[in-house]
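Input: a single structure, listed below in C-alpha cells.
Labels for the chains are A, B, C and D, by order of writing; each one numbers its residues from 1.
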Amino acid sequence: MNVAVVGGNKCSRKIYKVAQKLGELIASEGWVLICGGGLGVMEAACKGAKEKGGLTVGILPSFDAREANPYLDIKIPTGLDYARNILVVRAAEVIVAIDGRYGTLSEIAFALNEGKRVYGIETWDIKGTIKVKSPQEAIERIKRFMGTVAEYNSP
Amino acid sequence: MNVAVVGGNKCSRKIYKVAQKLGELIASEGWVLICGGGLGVMEAACKGAKEKGGLTVGILPSFDAREANPYLDIKIPTGLDYARNILVVRAAEVIVAIDGRYGTLSEIAFALNEGKRVYGIETWDIKGTIKVKSPQEAIERIKRFMGTVAEYNSP
Amino acid sequence: MNVAVVGGNKCSRKIYKVAQKLGELIASEGWVLICGGGLGVMEAACKGAKEKGGLTVGILPSFDAREANPYLDIKIPTGLDYARNILVVRAAEVIVAIDGRYGTLSEIAFALNEGKRVYGIETWDIKGTIKVKSPQEAIERIKRFMGTVAEYNSP
Amino acid sequence: MNVAVVGGNKCSRKIYKVAQKLGELIASEGWVLICGGGLGVMEAACKGAKEKGGLTVGILPSFDAREANPYLDIKIPTGLDYARNILVVRAAEVIVAIDGRYGTLSEIAFALNEGKRVYGIETWDIKGTIKVKSPQEAIERIKRFMGTVAEYNSP
C-alpha cells in the first residue's frame, strides 16, 4: 500500500519530529511512503521511513532530481511544478497531512475531491478530513480503515 | 485579460444568478472568461458572458467536448480529469470563486499557492482569499488591482 | 470545430508562408485554430487566421503569456513545459503538422495514439499520417472527412 | 540511476524475451527500472528486473493500480491516461525503447525533445536515437555514456 505524507517545505522542529515519527511507523507497517520529495515535512517523513528500512518515493516538481531530499529511494522528476501535487495524491491510497500551507491545502482538496481518506495532524481544518492527534493515531486509523475495506472485499 | 470563474457543477438558483451576473460583468469589461466548462456555476457564468457578447473558454476534464455547457466558444478537452483544475487556475490572471466544494477548494488553493489573487463569493473561507459580497464588488476590486499593476509596470 | 496546427518554433520563409496560408483557410472555414502559442509555424498559422477574422488559441508551455506570439486571441499558459503538447492534440478534432522537429513528432505520435487524424505537410514521415501537398489539400481532406463523420452520425 | 524501458502493451514472444533480458541487466547494474506499468514489453522488463532483485516502478495511466503488471514494486497511478508517457520519460536519465507503436513513438519523441539519450532495439527508426542490437549492447552503451558524464562532472 502507498501512503502519501503531505506538508510544507519548511516546518518547525516539533513538526519535523512528528513527520519523522510518522515515516517510521509507515515503514514499520511495510507501506510505501509517497511524497513530493522536498524538504521540511517531506524530508522528515522520508528520514524516519529510511531509519526503519522503508521505501520512499518523491514525486518532484522539477525536471531533475537535484532538489530532492537525501532520503528518497525513488525520485520521479515531473517538470510539472506544483501540478505534481495531484500526482502525489493519486499515487496513494490514503493521505496524511501535517502542517503545511497552500500547497498542502491543494493536496487535501484534491484527495477529498477524488474520494480519498485524508488524516490531518495540526494542519488545515477542512470538513471531511479526519483529525488525528499523533502519528500513532493516524496509523491506527489507517489500519482499521484498510481492515474494513479488506473485509468488505473478501469473499 | 483572462478571468477564471470557479465553482461547483451543481448550485442553487440563487448562486446561479450570482454567477450569471459575474459572467455578464466580465464580458462587459472585455475580459475572457476561463472556466472548467461544466454545469452549475460554470454554465451560469458562461451564459452571462455570452449574453453580453463575451468570449468563453472551457478547460474540460474529459477527452471530448460532449460534457461541455452550451455557452462555450472554445472547448479544450484535456483528458486529465480533475487535474485540469490547475490549468484553469494557470490560464487566468485572477480567479473568482463562487460557492463550490472540494474541486473549487483545490482551485483556490492552487491559485493562492501560485501567488494569484482569489476573490470569493459565498465560498470556502480560506485565509488569503479576498471576500467580496457581489459580482459588482469583485469586478470593482479586480479593476483597482489591475490598475495598480498596470501603473506599477508603466514607465 | 477545433483544428490544431503543429510545427516548430523556427521555420524557413517558405514554411512560414505555407503555415500562414493554412491559418487563413482554417479561419475561412469558421474553425478555431489551436496551437502551442509559440513562434515559427505557430505564429504563421495564427497570423493567417487573424487576417481572415478567425479565432486563435495558444496553449503555452510557460506560466505566463509573455512568450506567446502576437496573433493569439486566447492564451492558455500551462506551466507544464512541453507536456502541454498533449493538450494541444487533445484540444483538437484533427491535427495538421507542418515541418517541425521532435516536439512536432511527439504531437504527431500522441494524436495517432489517441486515434486522431493527422495531416502532414513536409513533416515527419510516420505511418498513419495523411500526407498532403498543400494547405488547400489539407482543408479539402478535412472537410471530406468531417462530412463523412457528420453523415455517419446523422439520423 | 533511473532507466526507462518503453514499448508496447503487446509484443511477440521474441520481443518479450529481449525486454526481460534488458530488465535483468538493468537490475544487475543496481539501476531503478521505470516504465508505464503495463503488459507486453513493460511486464517483461519488470519480470526480468525482479528476477535479479531489482527495483521496478510503474507510472500508470489509470486512477488505480489494478491494470498494473504483477512485477511492480511501486505503482504510481496518475489518472492522466497516455499523458503519463511524458512522466515516464522525465523520470529517467536514459530511455531504452523496444518495439512498440505510437505510444512508444511519443515517448521517443519526448525524450529526444528534452535532450535525453534514447537507445532503440527493433523500434521506430527516428533520427537521434541510438540503434542497438541487444540488451547487452544497450547496457554497455549506457555505462560508457554515464562514465563520460561522471568523468565530466568530477573535479
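Here is the rule we use: a residue touches a chain if its C-beta (ideal position, glycine included) is under 8 Å from a C-beta of that chain, and two chains touch if they have at least 3 such contacts.
Quick caveat, the model's predicted, so the values are computed rather than measured.
Chemist: Where chain B and chain C touch, do the two copies share over half of their residue numbers, giving same, or under half, giving different?
Modeler: Chain B and chain C contact each other through largely matching residue numbers.
Chemist: For chain A versus chain C, what separation do you get between their C-alpha means, in angstrom?
Modeler: Comparing mean C-alpha positions, chain C is 41 Å from chain A.
Chemist: Roughly how far is chain B from chain C, centre to centre by C-alpha average, rounded to an integer in Å?
Modeler: Computed from C-alpha means, the inter-chain centre distance equals 27 Å.
Chemist: Centre to centre, by mean C-alpha position, how many angstrom separate chain A and chain B?
Modeler: The mean C-alpha positions of chain A and chain B differ by 30 Å.
Chemist: Give the residues of chain A touching no fewer than two other chains, as numbers and ranges.
Modeler: Each of 63, 79, 83, 86, 114 in chain A touches at least two other chains.
Chemist: What topology does the chain contact graph adopt: line, ring, star, complete, or other?
Modeler: Per interface graph, the chains form a complete graph.
Chemist: Per the contact definition, I'd like the list of chain A residues that touch chain B in the complex.
Modeler: 82-83, 85-86, 101-103, 105-106, 108-110, 112-114, 126, 128
Chemist: Considering only the defined contacts, which chain C positions touch chain B in the complex?
Modeler: 2, 32, 34, 55, 57, 59, 63, 73-79, 86-87, 90-91, 114
Chemist: Quick check on the complex: what are the chain B residues that touch chain D?
Modeler: The touching residues are 63, 79-81, 83.
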